[in-house]
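Letters A, B, C, D, E and F mark the chains as written, and numbering starts fresh at 1 in each.
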Amino acid sequence: MKLIIAYIQPEKLNAVKQALYEKEILKLSITNALGCGQQGGYHESYRGVDVEVNLLKKVRLEIAVNEDYVQPTIDAIVHSARSGKIGDGKIFILALEECIRIRTGEKGKDAIG
Amino acid sequence: MSRYKRMGMLLLILPLIGLAPMAFGQEAAADAPSVADTAMFTVNNTWMLVATFLVFIMHLGFASLESGLTRAKNTVNILFKNTSIIAIGLLTYWLCGFNLMYPGFEEGSKGIFGFAGFLLNPGADYNPMTYADGAYTYWTDFLFQAMFAATAATIVSGAVAERVKLSSFLLFSIIYVGVVYPIVGSWKWGGGWLDQLGFYDFAGSTLVHSVGGWAALVGVLMLGPRKGKYVNGISKPIMGHSLPLAAIGVFLLWLGWFGFNGGSVLSADAEAVSFVFVTTSMAAAAGVAGAITISWIVQKKPDLSMALNGCLAGLVGITAGADVVSVNESILIGLIAGVIVVAAVILIDKARIDDPVGAISVHLVCGIWGTLAAGIFGEGKSVMTQVIGIAAYGITCVIAAAVIFGIIKAVMGLRVSEDEEMRGLDIGEHGMEAYSGFQIFSSM
Amino acid sequence: MSRYKRMGMLLLILPLIGLAPMAFGQEAAADAPSVADTAMFTVNNTWMLVATFLVFIMHLGFASLESGLTRAKNTVNILFKNTSIIAIGLLTYWLCGFNLMYPGFEEGSKGIFGFAGFLLNPGADYNPMTYADGAYTYWTDFLFQAMFAATAATIVSGAVAERVKLSSFLLFSIIYVGVVYPIVGSWKWGGGWLDQLGFYDFAGSTLVHSVGGWAALVGVLMLGPRKGKYVNGISKPIMGHSLPLAAIGVFLLWLGWFGFNGGSVLSADAEAVSFVFVTTSMAAAAGVAGAITISWIVQKKPDLSMALNGCLAGLVGITAGADVVSVNESILIGLIAGVIVVAAVILIDKARIDDPVGAISVHLVCGIWGTLAAGIFGEGKSVMTQVIGIAAYGITCVIAAAVIFGIIKAVMGLRVSEDEEMRGLDIGEHGMEAYSGFQIFSSM
Amino acid sequence: MSRYKRMGMLLLILPLIGLAPMAFGQEAAADAPSVADTAMFTVNNTWMLVATFLVFIMHLGFASLESGLTRAKNTVNILFKNTSIIAIGLLTYWLCGFNLMYPGFEEGSKGIFGFAGFLLNPGADYNPMTYADGAYTYWTDFLFQAMFAATAATIVSGAVAERVKLSSFLLFSIIYVGVVYPIVGSWKWGGGWLDQLGFYDFAGSTLVHSVGGWAALVGVLMLGPRKGKYVNGISKPIMGHSLPLAAIGVFLLWLGWFGFNGGSVLSADAEAVSFVFVTTSMAAAAGVAGAITISWIVQKKPDLSMALNGCLAGLVGITAGADVVSVNESILIGLIAGVIVVAAVILIDKARIDDPVGAISVHLVCGIWGTLAAGIFGEGKSVMTQVIGIAAYGITCVIAAAVIFGIIKAVMGLRVSEDEEMRGLDIGEHGMEAYSGFQIFSSM
Amino acid sequence: MKLIIAYIQPEKLNAVKQALYEKEILKLSITNALGCGQQGGYHESYRGVDVEVNLLKKVRLEIAVNEDYVQPTIDAIVHSARSGKIGDGKIFILALEECIRIRTGEKGKDAIG
Amino acid sequence: MKLIIAYIQPEKLNAVKQALYEKEILKLSITNALGCGQQGGYHESYRGVDVEVNLLKKVRLEIAVNEDYVQPTIDAIVHSARSGKIGDGKIFILALEECIRIRTGEKGKDAIG
């Protein structure tokens, strides 16, 4: 089992959800994040002072999947979140040792989906 | 009652309801006005000034309502537009609007276009107490009317929100408020051809609300819907980011309407103003009741945004005839307006016309309803004449708005880039956030 | 001063303070009113209309205050209730409330119940300038009183917030505002038995605030506390989600109180209205000072929610006697109210009575204090009579509210499901969020 | 026009513009005032009461603006200060302020200091209708002036926000509003030496705004900038947390200004009040236009915070001469004020003076500009005398504020601990959050 | 050492905290999240248009524990967060390589608690 | 590759960003969090009732780095976030199996930076 963490542009969230849905990856968790990366940020100005905003809004996805779903998940995300512009984001993959469904107490592969 | 009142040469037609409040029009020209005459004049003028600041506060109402019903990422932009509009309204009205709207059509004039010159000028023989037959001064007249003017542009602002380019919108507003609004306004309130025809619009269901509403419709059609609003033919709701702000807006608008309608009596005449207060409030209350009932039935859940729109619908609906319908009729008008607005919001959305705040439903649709209602219920009013008036304003405003928006679109573009729209106009147009520090899902 | 003023057959008792403002009551019936008489009449009526819109804006004040002091997940529900209540208040008052409250008790009537018929009807011989002895028109009278009526229900709204079922609450409001409030109101302002007894309540410490407060108390007791408020016998604070909203609410309420109390003079009488402005403001300021001082001492930290409640406490406290106490006394009354409200909030919470916004402490407890204070400090007022009045209203309102709430509870239930309460009434009752996009810890 | 009007011994100087509104000053003393006289008196007083509640609502405007332009973690603190200030203003003005500001300097007095005793006392021979020559009652006079007094302290509040110790600030406010403001105020409005010299300040560009502004400057300098504002010599913007709140604040301030300036006519004189309404509004609109234009050019992006400040700049700028400049001049004054305020905000920040809300730029800099402008454009006014007045107020207020702040700093400290500042004053000073449940990046 | 990530219903947070507290697990970190899972979502409606909300509010817990605390932590969460209804949430367990206490620089097992 | 998770005091964010920047660690993601730890919390009071707030505001950093950047990252964080007071926070290190740059599809070490 793997835990996939992805940072994407907020405006891509719906497209990514849709793409995952089509690959039958129906479960995921989302948090708001600020990201600092290659993307330069932009300039705001407030009351005459220039602000360099280099923490940009990103959406963080967390998706626990079984091994055979790893590649489809990555493909779906890369495909739907890519605009080709700097700032499109990253995907991180971690080993997931255990997964437990709180409602039933089920464990492992069965609990993921 | 028309509003032509300038040049000292026109008589203020006394309110139709209640007793004639003052019988001193004749003596007013006498050398030394009596204390009683001065007192009467002062109370009339004081009321008109109160009405003026009430109409002013409607601009805060619009600013709050519009920002509340749109997304957090476009809030700075909306507040900026609303702050600009009141400035634009006052400055253009001072520059030319007032004298376009009240040119003082001469006897025998066709009453289509007139212009009394740039800037303010009460005239050499200006006498405050005879200016409007003792109802208010030249300055009050100007400012009260100027506050109305800006309203028309504000209505457009809400409908085109979240995608219109700031500079293009401001330019449109300057022209529409500075030129179109006063010219078409002169047809009725300036004593022009529609007034002569017997068209009736007490406080502006048509002259203000529909005039704004038509431009809103044209603007929305030329801009197209917001990105993400209609996906694969399905309408996706884009929720407003702060319903408390929207509710504050509606309550402030209702408050302002006491001045909008109450001030349109154009004097402090006790019976007339108080009667207008009652019809206005009862229509608003009935609008709320109507919208809640129908939306609860149709949508199964009581919808706050509909209740708020229902309130405004009742207010817009009563505006044309607030002084000529009975209290019971005002409730009926408001109730129907509340039902209409719910239907209109749903149908307009079905028609893929994306109006984020429901401005077209509230101001245009209910503005038309209100104008008709004044014809249906108002004693001595003709539905036919009302229809003519509605059509005249509709045709003219649609053409005018289309031409202005069209030229702007061709020359400088109307809409922000897709990228800017996605990220929000606040950062795109202003480089500033409305809620710095707050964590907001901007994906929505 | 009682408020009975309808039917043209009762005399407006002139303000007790200052000089008699108009000596033309006799001439008013003459054929053609003089300009001076008309001016006097118009200024009186204009002031009453201003007071009317000021009282109107209190409803926005209540909406803001109540939503600010409760959780974000119940905000839509609170705004919906407040929007509905003003509509309910106006419509029921038009339907029957006005004629229940001012039935025009006949000479010799016991003054307990009267009804002048459904809907509005100024009567065949209606003459605006004699209607209320030249102080205001029939329409002003109706609307000013109607704005008061809705206030009583709003008070209940805050206390039962975050758990009451919407439909049940709306039904309760319709009955309470439409029937109970005007009937008990007629006992004093309608010229009924308590008025004849000499009971004094200038602008409604008892008639409005306590009448609302008693129903709030009954509602809270029948509903029980919010889930999570008292855990293992320990009171857990449930924090309001927006103190700016709460502060806006309190400032708007103070603003509205200028009309609430100032309008209760029932004319523009310069000396009386301005005096009431001063006592009202000074009591509010003293209420703030009292609450800040005591809460800083007791709680060690200066508590904004207490400062805001202290302001309202001072305003409620002065309402019964704003015209009959001295300025120094008004400060004393406000100061004591500020201290009382802090104690009441703490004690009521200790008693496991869960009142999210402190409505019972502010409106009921300080309403009682204000009514007593009018007896203590008001010249020629009797504390004993005040106690009788307080008791009469208390007993009647508690019984009425208990019966209405009881029947509603039995038939349709009073409280939302636990699940709905946890998730928030906004989603449960309305399927809508107040702050779409904002990330909010809804676990709180 | 000076404002000295107490003791019945001074004549109300009639408005300079338009016709003299009332010629009955002589008869007013007669035994039974005529209905006409009473009507005139009542309408004057009613307008002054309306102006009073308009000035009151400015305090909500300030509270909203200041909290909107600062960070969420200091919001409770700001609201607390603003709620306290209005209470402090009213209570100190009642205790001594009113009688310090209008001591009724005797003939031949130097007009520097006078005191008519503690508490309110209209005097034994008080007659409402002769008190201010039939313009308003003693109570109106007191309350209108009291509402002004609190404004000065509010201005300081915004400038020292986010770091000042609550108790120290409250103590400063009590002394500054209770003693300094009324004493320096007496020099002009109390009929003191600057009034005798011909210094002109219609509604308080200097007497209110600069008096507040000077103290704000001193406070900011003694406190130093907020932590994180200037890092390694670079100015870091610290963004306000809610621009809707800021916009609400500005619109409410504009609304209040109708009373601030309109009420400073000190009667309901139709021509004068309406003229002041026009100049006030046009200056505000021009201020918006000026600030938008210049900030769009300089900063490349249209800056909402600058547009809002431009509006206030226009309002402050017109305040000194609203009744003596022409409409066209009012637009020029506002336009320049709008430009000045943008420059001032940028330069003051460059000078490492950390004023979170721009209070010094708006109230002090534009207050000075407005006072000069009254001298430049006002007929018969002298720029030289205006400069003397500005200097006199500047020197006195700076010294007074420095002494008071200095002693407080020495005795109890002025600033919260660094830790408290980082975490926010809401938790540090009040143990309370403004937006409970909302997820907010408090690192900013 | 393990890193335990749990998604629970927001209204269960207090109960879970209490249950962990009783097992002497006193340290944890919490973030807001939106979850998409078996739980169907609900319908909102806004201005006459129906909205299917399938991103539901969840609370995300992150708890670093030593091996012997893993089971007690899981038990405590499952026990206190379970309502038996769909949407109760999931627990994910990851291997934690290192843990450092910023204040003292302590590492490993000692730094966790 | 490692995934470094750090909880720090919100007011230290700028300092930490600066310190990381100096070590050329330019990419990171940030979320808001509430933390419950040794730090006792503080007392609020609301309308006369005392509240014990033991969920304190923290900022959560997530930084994916290659092996040779692990120690510099830890050092930078510890150095800049430490105040010596309880509540300074924790750093957790997890093994990161894979990293993908959405924009280019790059994988592994190249995708991290």
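Going forward, a residue touches a chain if its C-beta (ideal position, glycine included) is under 8 Å from a C-beta of that chain, and two chains touch if they have at least 3 such contacts.
Source: prediction; values computed, not measured.
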| item | value |
| --- | --- |
| Given chain A and chain D, the chains that contact each of them | B, F |
| Path length in the contact graph (chain B to chain D, fewest steps) | 1 |
| Same-site or different-site touching of chain E by its copy chain F, using the half cut | different |
| D-F or C-F - the one linked by more C-beta pairs in contact | C-F |
| Gap in Å, rounded to a whole number, between the CA centres of chain C and chain A | 52 |
| Whole-Å separation of chain centres (CA-atom averages), chain C against chain E | 46 |
| For chain A paired with chain F, centre-to-centre distance based on mean C-alpha positions, whole Å | 18 |
| Residues of chain F whose C-beta touches two or more other chains | 31-32, 34, 44-46, 51, 94-95 |
| For chain C, residues that touch 2 or more chains besides their own | 34-36, 39-40, 43, 46, 50, 239-240, 242, 248, 301, 303, 305, 431-433, 438-442 |
| Chains touching one another, given as label pairs in label order | A-B, A-D, A-E, A-F, B-C, B-D, B-E, C-D, C-E, C-F, D-F, E-F |
| Residues of chain D that touch chain C when the two form their complex | 32-36, 38-43, 45-46, 48-50, 52-53, 56-57, 59-60, 63-64, 67, 75-76, 79-80, 82-84, 86-87, 89-91, 94, 119-120, 127-129, 136-140, 142-143, 146, 166, 242, 245, 248, 429-439 |
| Interfacial residue positions of chain D with respect to chain A in the complex | 235-237, 239-240, 295, 298-301, 303, 305-306, 309, 342, 345-346, 349, 358, 439, 441 |
| Chain E residues touching chain B - in the complex, by the definition given at the top | 32, 34, 44-51 |
| Touching residues on chain E, where the partner in the complex is chain F | 3, 17, 26-32, 62, 64, 94-103, 105, 111 |
| Chain C partner contacts - residues on chain E that touch it in the complex | 10-14, 32, 42-46, 51, 57, 59 |
